[in-house]
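In the two complexes that follow, subunit A is the common piece, with subunit B as its partner first and subunit C second.
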Partner chain A sequence: MATQLDKTNLLNAYRTMKQIREFEERVHVEFATGDIPGFVHLYAGEEAVATGVCMHLNQRDKIASTHRGHGHCIAKGVDIDAMMAEIYGKRTGSCGGKGGSMHIADISKGMMGANGIVGAGPPLICGAALAAKFKGDQGVGVAFFGDGASNQGTTFESLNLSMVWKLPVLFGAENNGYAESTGVKFNVPTANISDRAAGFGMPGITVDGNDFFAVYEAAGEAIKRARAGGGPTLLECKTNRFFGHFEGDAMTYRAKGEVKDLRERCDALKIFSTQVTSRGLLSQEEMTTIDSEVKAAIDKAVALAKAAPNPTAADLLTDVYIAY
Partner chain B sequence: MEGTCERESVVGILANPESGRDIRRLVANATVFQVAEKSNMVMRVLLGLAAAGVSRAVMMPDKGGIAARVIQACDLHRTVSSRPLPELTFIDMPIQCSSQDSLQATRLMQDMGATVLVVLGGDGTHRLVAKVCGQTPLVTLSTGTNNCFPEFREATIAGMAAGLVATGAVLKREVCRTNKALLVEMNGHPIDLALVDLCVTDDPCIGARALWTTQNLKELFVTFAGADAIGLSAIAGQLYPVDRSEAYGLHLTLAPPDGLLTEVMAPIAPGLLLPVAVSAIEQIRPGKTIALATTTGTIALDGEREISFGSSDRLQVSLTMEGPLTIDVGAVMAEAAKYGCFAHHYCPALATLMLREVPAPAPFHTK
Partner chain C sequence: MARKLSFKDAINEAIAQEMERDQSVIVMGEDNVGGAGSPGEMDAWGGVLGVTKGLYPKFGERVMDTPISESAFIGAAIGAASCGMRPIAELMFVDFMGVCFDQIYNQAAKFRYMFGGKAETPVVIRTMIGGGFRAAAQHSQCLYPIFTHIPGLKCVIPSGPYEAKGLLIQAIRDNDPVIFFEHKAMYALKAEVPEEPYALPFGEAKLLRSGEQVTIVAFGLMVQRALQAAEALANNGIDCEVVDPRTTSPLDETTILQSVAKTGRLVVVDEAYPRCGMAADISALVAQKGFESLQAPVIMVTPPHVPPPFNGALEDLYMPDSARIEAAVQSIVK
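Presenting the complex of A and B:
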């Protein structure tokens, strides 16, 4: 199986998941102070998905993200100082502070952008994958999208087009159980989002999105197949989000104690830690060291972001048009 | 064979929309069984049950569309047809949207008096049901990935057979088979079972559960192994076929192919044929306990990694002849035909008189 990861890879996987968790927990705290402009949608709870998928990607590969995109950025290697500054709307941000949380992008890392429009990622990634196919560089594209976006016409059109053109795409459905405040069983008529793949003649599979190893194995096979010209795959990862749809969401649609229960039973980091320590693959000390390093890195990112300058009026007219 | 009883007959139907979506749809060419077809199968089971005189059926609830479609189909049936259906009740239970729902529903169906369970699924689903079904016999219908334990059957006939046993029209003892099972003990405690195969790997994590490569396979236990089997038991079936009725199973020691050991090209998943080397085969008899030679890794039960173990764990496997009861649908229907269960104005003597010998066709000559 694909789970014969060496120690370096296991440590990298843990570091990435921990960075995502720490980043999001800190944004949650900082947003409450009122210093962060706009909306933020936090990815905490879903770390195993972005990490398990993006560990198979290189900088040539592209990802298209969602409004809940911080985790995808970190897993794809976007600098966390630039990310935090972007969320604070600062000039040192990855998009000069003009994008904010919902439009973080770093093309140099293959991160095509978070996206405020639900279901906008799948068509974009089809374009990126078509380019990779024409260039013959074995690049692949990954579109992350949620259970809400799985109902969008753009997603269906992308599933269709990618099969017609046999594009090297992984459609990563992050089913966290809620489309904003609507439970998935109220708007998805099938047991699994992956059930829909059959209608396009595409392989569709469902894995436990809280289990890094399950995601890593499945994504690895799908990406290997895409690179080899086998076409797209729909991979559904059933997962959970630990915060509301957006920061400030009172979550009245969730049962009392639901999040607490999820944090106890379905925490991707706890599950990973138990798996690797019980089998002697990593030690608790090694992970504790990473915890400290990550915390220090996030502290630094926040401090830098707060101290960074705001964009100026002169910045308003830059980055608006591009010359081909 | 005996007449239809007056007591109320209750049949349980297990159909879980969550099953059958594992990675073998990607790495192999495993079947995609849609919810719509599972719903159709349930309707055909219900109509078969009604034909056999079953008055009540209980079904597991779900949020994936099977229950909703069955309710709609029953309503439509009652509108357009005068043929009766059993009274259908859905179990009142919390739905977890996982395979655990099958387990919970099996327990509750027995509490509700179900005397026969009709199970739609593959080896994995039947394994879960077998863990808690006790002496309640199963009618198995294949809808899963690797299907050795359940049968490929038309659901209508399965419903008719289930109904005949549930009503007592056909005696359970005449048409039931007790299956074998493999029991796993960890550190002295029984923890799980497998109905067809139990495979030990040195892979440390459960991951995406299914097995689709062979380099990490270390040991294989089977209850039975057909030469025509699909799945891991095919490794044994290609070398040493064992029937379901034999009073033994097999334990194989596996290795990566090295050009020296006996090598088998086995269909370990639909469309996925891979070479596996076998260094030893031994028969295992009921009561004999075998300690695993592998010290760390995972155990796959009926095709999916379920148990992770380390060097401090002591794992043992044994064979039991006291696995779940299954109903031989063919035998039930043969009994039904013999006694005219579905015939009207019928007596066996009349059937014999009605038989006419068909004349042999004239020889065909060519010039």
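Presenting the complex of A and C:
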């Protein structure tokens, strides 16, 4: 493991994961002050999944995200200042303040949108992959979805359609153990979500989603196969959610001490740090430097977002149609 | 003598001409080729009523069969449209929209607004509407008011072959998501259709008949019935104007209001359900913006608020016909 990534890539992987963590921890704090409107769902704890998958993607490749979409945005290269401004609902946000946390997107980066509808992404990414196939540009599409969305008909239909049309798709199941407040043991009758791939004649694999290298390697193989015309893969990453379903969720459905224990034992950043330092691939100092750079960048993003202007009244009526 | 084409062939010709012109136009739908994975011929059906027949031999893999899996392939059409293609997806009967409605009203319709004007979704969803086939409650509805209700969608209801070709070409070239409603009882209807491609703009109603006493606004097949009624009424000395809005979103309010300003009377004929339908919508428009011109109550000619029945006699009672339109007009012309 790990050997195929050079130092620059390892540093990039760490930086991306750290950016996601810091971004989410900070949004958690700022949300509690009442400055951030609406519904916010945080990705902290799942950083290795978005990072391990998106490191294989280029600008041409597309991702469809979920309501828990900040991590996917950051991993796909969306500008952090524009993201934070969007979450604050400001005019300078990546969607001009009209999308917010649940619909954050940057089409120019191949990030086709967070989505307020559970299970809406897989059909859309089949279309993105179909477009790539027609263009012949070797592009791939990745649909991230949770254990909750794994039960949606749209997901099953998309697994089927992607096989029927042999589409270059990676279905990235992020199994964080909870569909809102309902445990995966209640929701999913198979041991693994990836077991369902067999029903569609599709390769299915489950990895430790808190282990960046496990995700990176499995995703790499699936994406390589997709680019070569070998069709879709269902990759399940078993991971953990450090915050509630939404900000404000008291999480009474979780065991006492569960999150604290997960943060100690299953933290993707800690696991990564141990792996790379024990093998002498990166030093702690190198990562500490990144930590302070990331913290400064998030501080700046929050300051800019708070100072940014709101949309104007005229903005209410624009962007419904291109021409009407 | 200009060439005549059926409603069905006009649609087929529009698709073929746009596919010739633009490589990004693709076609997908259940049995749109007909025969994929089967031991017999390809292009066996060309859509369940043959509207896309002949496209597969011309355009090969750009015409695709799909599983009966509407959420997946309508979603895929929308996703492909977000990524530079111009898909024309056929969703056989509008009644089936229920199984994939999220992809249409929360996804396609919303991308542009939610993403701050940075998304384009040039998808066309073609679908059959309407009664007359004794196809009963799940294969006979009109439902276009439901789509008209949603900002971000454009809704097109052609009333004949000429409109079908020109409006579909506009739909394919349009960069917003368009739902194109084809009344299945008109597929065999023939009219003059130019051979060359032409696009009819959205939001421009067509004045099909000029008159002084009553304005009749009608949609789709009901335009044909309104014209029949107007003809019969003319023989009885009642002079009607017939307006075909052609698109319900955008809606050409100006032409409707100008017509009512002239005639002072309005009958709206709509095959959709009466509650929150187009008849109610047009009535509300005229009540708000044309009240002073009205010399009589607005009359809505619609089915009753019941599902389409199977029994033929009941369905004939259900659907507005020219006799009901004539009676409605006579009731307000004293």
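Keep in mind that, in the parts below, the second predicted complex is superposed on the first by the 319 of 324 C-alpha atoms of A that agree within 3 Å, B and C clash if a C-alpha of one lies under 4 Å from a C-alpha of the other, contacts with A are read in each partner's own complex, and residues count from 1 in each chain.
Assume a residue touches a chain if its C-beta (ideal position, glycine included) is under 8 Å from a C-beta of that chain, and two chains touch if they have at least 3 such contacts.
Quick caveat, the model's predicted, so the values are computed rather than measured.
**Student:** Is the arrangement of subunit B and subunit C around the shared subunit A a clash or a fit after superposition?
**Tutor:** Overlaying the two complexes on subunit A (C-alpha atoms) leaves subunit C and subunit B fitting together cleanly.
**Student:** Applying the touch criterion given at the start, work out whether A:Lys185 contacts subunit B, subunit C, both or neither, answering first, second, both or neither.
**Tutor:** Touch status of A:Lys185: first partner only.
**Student:** Which angle, in steps of 10°, is spanned at subunit A by subunit B and subunit C when each chain is reduced to its C-alpha centre?
**Tutor:** Taking subunit A as the apex, subunit B and subunit C sit 110 degrees apart.
**Student:** Between subunit B (first) and subunit C (second), which does A:Ala250 come into contact with in this model arrangement: first, second, both, or neither?
**Tutor:** Touch status of A:Ala250: no partner.
**Student:** Hey, is it subunit B or subunit C that touches more of subunit A?
**Tutor:** Between subunit B and subunit C, the winner on subunit A residue contacts is C.
**Student:** In the overlay, answer first, second, both or neither for which of subunit B and subunit C A:Phe213 touches.
**Tutor:** first
**Student:** Scan A:Ala313 for contacts with subunit B and subunit C and give back first, second, both or neither.
**Tutor:** neither
**Student:** What does the superposition give for the shortest Cα distance from subunit B to subunit C, in Å?
**Tutor:** 24
**Student:** Taking the complex as given, what residues does subunit A use to touch subunit C?
**Tutor:** It comes out as residues 62, 64, 93-99, 103, 105-108, 112-113, 115-117, 120, 122-128, 130-132, 134-135, 141, 153-154, 157-158, 160-161, 164-165, 318-324.
**Student:** With touch defined as at the start, can you tell me which subunit B residues reach subunit A in the complex?
**Tutor:** It comes out as residues 17-18, 21-23, 25-27, 32, 34-35, 62-66, 97, 201, 203-209, 211-213, 216, 296, 308, 310-311.
**Student:** Using the touch definition from the top, list the residues of subunit C that touch subunit A in their complex.
**Tutor:** 24, 26, 62, 64, 66-67, 69, 71-85, 87, 102-103, 106-107, 110-120, 151-152, 154, 174-176, 203, 250
**Student:** For the complex, which residues does subunit A have touching subunit B?
**Tutor:** Those residues of subunit A that touch subunit B are 1-4, 185, 189-192, 194-195, 198, 203-207, 211, 213-214, 216-218, 221-222, 225, 233, 236, 275, 278-281.
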